[in-house]
Amino acid sequence: MSLLTQYLKVRKHTEKICEPLQIEDYVVQPVVDVSPPKWHLGHSTWFFETFVLKPNFTAYQEFDPNYNYVFNSYYETVGARVIRTDRGNLSRPTVADVYKYRAHVDEAMESFLCREPSAEVEELLVLGLNHEQQHQELLRYDIKYILGHNPLFPAYAEEHIEHDLKVDLQNWLKIEAGIYEIGYDGNEFCFDNELGKHKVYLQGFEIATALVSNAEYLEFINDSGYRDFKHWHAEAWDWVNSNKITAPLYWHFVNEEWLRYDLAGGLKPLKLDDAVSHISFYEAAAFASWKGSRLPTEFEWEIAAKQLNWGKLWEWTESAYLPYPGFSKAAGAIGEYNGKFMISQKVLRGASVATSPNHDRITYRNFFHPSLRWHYNGLRLVK
Amino acid sequence: MSLLTQYLKVRKHTEKICEPLQIEDYVVQPVVDVSPPKWHLGHSTWFFETFVLKPNFTAYQEFDPNYNYVFNSYYETVGARVIRTDRGNLSRPTVADVYKYRAHVDEAMESFLCREPSAEVEELLVLGLNHEQQHQELLRYDIKYILGHNPLFPAYAEEHIEHDLKVDLQNWLKIEAGIYEIGYDGNEFCFDNELGKHKVYLQGFEIATALVSNAEYLEFINDSGYRDFKHWHAEAWDWVNSNKITAPLYWHFVNEEWLRYDLAGGLKPLKLDDAVSHISFYEAAAFASWKGSRLPTEFEWEIAAKQLNWGKLWEWTESAYLPYPGFSKAAGAIGEYNGKFMISQKVLRGASVATSPNHDRITYRNFFHPSLRWHYNGLRLVK
Amino acid sequence: MSLLTQYLKVRKHTEKICEPLQIEDYVVQPVVDVSPPKWHLGHSTWFFETFVLKPNFTAYQEFDPNYNYVFNSYYETVGARVIRTDRGNLSRPTVADVYKYRAHVDEAMESFLCREPSAEVEELLVLGLNHEQQHQELLRYDIKYILGHNPLFPAYAEEHIEHDLKVDLQNWLKIEAGIYEIGYDGNEFCFDNELGKHKVYLQGFEIATALVSNAEYLEFINDSGYRDFKHWHAEAWDWVNSNKITAPLYWHFVNEEWLRYDLAGGLKPLKLDDAVSHISFYEAAAFASWKGSRLPTEFEWEIAAKQLNWGKLWEWTESAYLPYPGFSKAAGAIGEYNGKFMISQKVLRGASVATSPNHDRITYRNFFHPSLRWHYNGLRLVK
Amino acid sequence: MSLLTQYLKVRKHTEKICEPLQIEDYVVQPVVDVSPPKWHLGHSTWFFETFVLKPNFTAYQEFDPNYNYVFNSYYETVGARVIRTDRGNLSRPTVADVYKYRAHVDEAMESFLCREPSAEVEELLVLGLNHEQQHQELLRYDIKYILGHNPLFPAYAEEHIEHDLKVDLQNWLKIEAGIYEIGYDGNEFCFDNELGKHKVYLQGFEIATALVSNAEYLEFINDSGYRDFKHWHAEAWDWVNSNKITAPLYWHFVNEEWLRYDLAGGLKPLKLDDAVSHISFYEAAAFASWKGSRLPTEFEWEIAAKQLNWGKLWEWTESAYLPYPGFSKAAGAIGEYNGKFMISQKVLRGASVATSPNHDRITYRNFFHPSLRWHYNGLRLVK
């Protein structure tokens, strides 16, 4: 598939995700971590405009110089940006304007890609496509948050990605102690944080073949799991109490029944056989402690995953997000992509039903702050 | 004019104000005091539905029972409400739905008003119309805030209410000491906070015939008015410093020139002959102190106003918002209208270019917290 | 009594108040409004050093130039100051050092006062003494707060100022409508905020001869007064809920009995015949509303007080703290004394058992933010 | 040395550290992480009373039942505790009372230890002594913070622990790639977080024989290190900006000269040959990034340390504080000792001049949040 074809396919997929939205849904930012959908549409476009077109395509006419200020996310190198909590305060540019912006950049990219860009620019472009795929996944998280926190609990679409989260049969897969190799060394795209294939020594361990189910998690709740400090990290216990957390995100206890919001039609009875999802690392670790078990490290996961069925939900690991041996930041704005987040985050491995096609890899290192839970995640135990 | 005609006229005026908006403009809430325009549209409708139709019109079919939760503002009597900072997080109901809600209630009100409602219900209805007119004015404040704080500084309309804020010729009007009568005692509508005509004793004073102009205010700025604590109340000085205030709202110092955002076309050079507007009470009082002068009390204003040209901008007074002798709250939800705000607020008198037709009165008592300034206000000096 | 004798008497009284304290009690600042006792001792001394000795007594040797930074309170004119919340973080200067500082300044004042200071300096000195008397009263509030919020509830002294807070017999005193004179015009000391004797017009009213008692206040509590929003101002209701207020300060419901901390010996059963005290304006106003009554204005109070028994507790009034006609700030640092607080405060009238001897006046205008309640206050109703 | 002798020696050392303090210094808590010295004195005593005496020595008379509430730190198992920010608000118990409490418990411990306690109790006692040694080190941090943040910059003692922080000669020590053993397996005391000797695979690396010096750190400052975002983690950059950080703690730029507060006599010129200390992990990592280098992992450190001169300052490592393979929390309150902090913390290795005698170990895992810097720490580079 040519780069141009790939480009157009990825770009189209983003818009496809937004198709069921009302204009109003594109605008709001109910919490700081959620961005308005129109911001994602603009920001992923701004990436190509700023890093590909402006420096490399002299014929390019900038769409609107103010957009740099509006759609930059966290690249300090590229000037002032709308502070994150302000994104939901901006009614302009309108959704229609943002789609015009996308069309303008896409058209320019088509012209540009006909001219056979250099290898270096191609690399940047591939990064831009992977970047846009990451925002596609974030779009799904954010849309779920926006609709799932609205008092009218509107549906997003009839059939949806969450229709099959059923857990597999549970067994224990045994991995022997020894030296293993970690990290990416193929010839396709990967992020810089996966590079540096290197040896690690693993102690022997056994890992569950199934994710933890809603039924199992409900046992934890019913056993007062959220009210017994001894399962929780100290900062997790503060989080539970100051936020009055009593269940995973999107769970509601209504008329003596557990309901769960999903995108295919609002509040519905909790499916007990589905994998538990939308929990924080704090909750995952507390559940594991209650179970007398633990979470895998990301290295254990990477080695075991070859024999596991993974990809429905991102899986919390015990590992902190740290650089691999020999990691170094790239020069310039692109260097801000990963390295500066390598602190106070936990690694998640795998992929989820919200992950875009061809965007999963066994070496992929996703990461979130341990308190966050609006992404599609779950947990798998190790003993 | 029949009540129904009045009703339809007021209701139509609200929608007229929103006509120039894009759908996105209806949704956002950039600060806690600003409400999304679609919330105003729904809330003023909810008032008629809740207080007029539901208790008095048995044929009425509620539009959507969830709307009570979404559109209640601060009436504790009528159940849970969306907390104020959440209003801008709600993408649903959509703007189209809100207009449907308005049409539904308007239709019901037409049927209802044909049946000659009781005097009591008529009174409630008139209150509802005055309530909606207040929200019309708030709509104008909020629209200006939403567009005027957008980095693209979009215009609202070509010709606009702010086109004539030119100050009058300045003279001093002298009022003799003595006993005067304060408060409303006519036969038309007034709010409960204006009632209780009563005597006050005023010392003699002189009051300016003109509002303070931008030119005069600029002198204060250029004389380091914002950097000299001695003009400011203690809490005002904290406000100036923690918010880094250096000029009225909507002023921007760009390329050595003062610009001002107005609704008729974005950033434009400051008009020196216009009355200064969008200042907090803190700034009004600091300016007066710098000038060796003071603000009028609301009683001085009410007596002098008979001989003044007023109505372009609400005028800050020195008076705290307190009950008149004999004031008492009405029973029920309507009793929450005014009394519970009679603390920590300053009275403003007059009216503004944003005030709806037939909604001004010389006894009208408007009030805002001394730190607020997104409403159309100005100041007039007394010595 | 000579000025020197007065000076020494006032200064000694301050130290007398601190006599029962342990060194540790002098140091802490449990909330922002409470200052450490050693800070009061130093600050009242700093006042004489800064405003009397340094500008007027050339022979004076400054005790320690760093003390200006430590003991300035809020006089912006006199340089940087320790921010208010930091006062309780300072272990040095020690208590012994602060007493040395007092002795040093007192000695210098003795020498200085033998030289017959100018009338102007004398005036400043008298202000300094009244200032120190105000801090004597604050010392009592702060000591009560420090000990009364310690989990060991230590006593301050055996016999104490609170021993007699019994309420008088309740009657209604009737005052006729008419013009009255307000403000101080004697020849003794008064604060600048009392000056400007002036006429006001009062409507007729009746005022209680007794303060509200603990028994009456308990009825309000037992009638769910703290849980019914309709008695409360909007900002008061927020205060009640976010601070979980359910009773006056120093009340504790232990083993089905109401106890109250007082300085003469820790927690003791509530005395039902005592006047209720340590309530915020919010609570005073809510109680009055529940009772179908109201608080007096400060003008009503000043006129009625001639026929009332007052002075045990400061009495909340409905009046906002505003300048009298013709009020203007003095030049220089002394001008910061009162004027800059004339916003967002409520006036209290009278005096309290904590007020220093000869520091009460019928025209005295005390003021506090409506949420505060650690001072000795109570309430009297009007109808 | 008998357990009793050890006990008395450790207990005495704590009081020795406090000898130079004024009573006032024992009371304050200038920031949440610093505890008042009298709290440390009481809390370490409470540990023996609660975990050794009360459950095991029937003859023991509790000193004061309220002290459990006052001196518990974070053991949720043992009931309510004074919330951490409140510690500095408590003037009582007095310092004298706390010393009486110590004497009371020490006397009981002497009687108790004559009776040959069980091995289990002995183990608890040894934990208690190590716990007290940890508080001895914290006492030194907190005393430095209290005195070093006082505007008078008082000295603590003439000769002090900081007199020799001179850096060693700088060379690069090379460690080969391979499998190494990590963790404690001796027969003496160690904390539970060091247990579980296990293999790790290390890549080859070179580590500096010297800590980074003040001179080198000054170069970073002078090269605008604190103003260039690209050296900093994202959350570190927020920390630098919102706290306006421009230098290590205790550094002051006065009259064009860098001074540094140390305990042996207040502000003195910075010693360029001393190791840089009192920096956050954020600063350590930014310095390393500026230098094109990195910090060691805790595993690299533990292997290399056998050939290094360590122990003057705790050394920041890149490692997150996580459980070793096979780690599990002990049952009961003691189980809260370490495990619940294994999140969002960075490991420091080594020891410092503030570490108590016989309290250092090459396997010791100290940990702090990456933003903290009031402990005696420094950094060593790896390439």
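Before moving on, here are some points about what is shown:
The first chain written gets the first letter, and so on, giving A, B, C and D; residue counts start at 1 in each chain.
In this section, a contact is a pair of C-beta atoms (placed from the backbone, for glycine too) under 8 Å apart; a residue touches a chain by one contact, two chains touch by 3 or more.
Chain identities (UniProt): A, B, C, D = Ergothioneine biosynthesis protein EgtB.
All of these numbers come straight from a predicted model, not from anything done at the bench.
The minimal number of chain-to-chain contact steps leading from chain B to chain D is 2.
Measuring from the averaged C-alpha position of chain B to that of chain C gives a distance of 37 Å.
In whole angstrom, the spacing between the mean C-alpha positions of chain C and chain D is 44. Averaging C-alpha coordinates per chain places the centre of chain A 57 Å away from that of chain C. Counting partner chains per residue, chain D has no residue touching two or more of them.
Here the touching chains pair up as A-B, A-D, B-C, C-D. Listing the residues of chain B that touch chain C in their complex gives 74, 76-77, 177, 179, 198-201, 203, 229-230, 232-237, 285, 294, 318-320, 322-323, 325-326, 329, 335-336, 340-344, 370. By the touch rule above, chain A contacts chain B in their complex via residues 22-30, 38, 66, 69-70, 82, 86, 88-95, 146-147, 149-152, 154.
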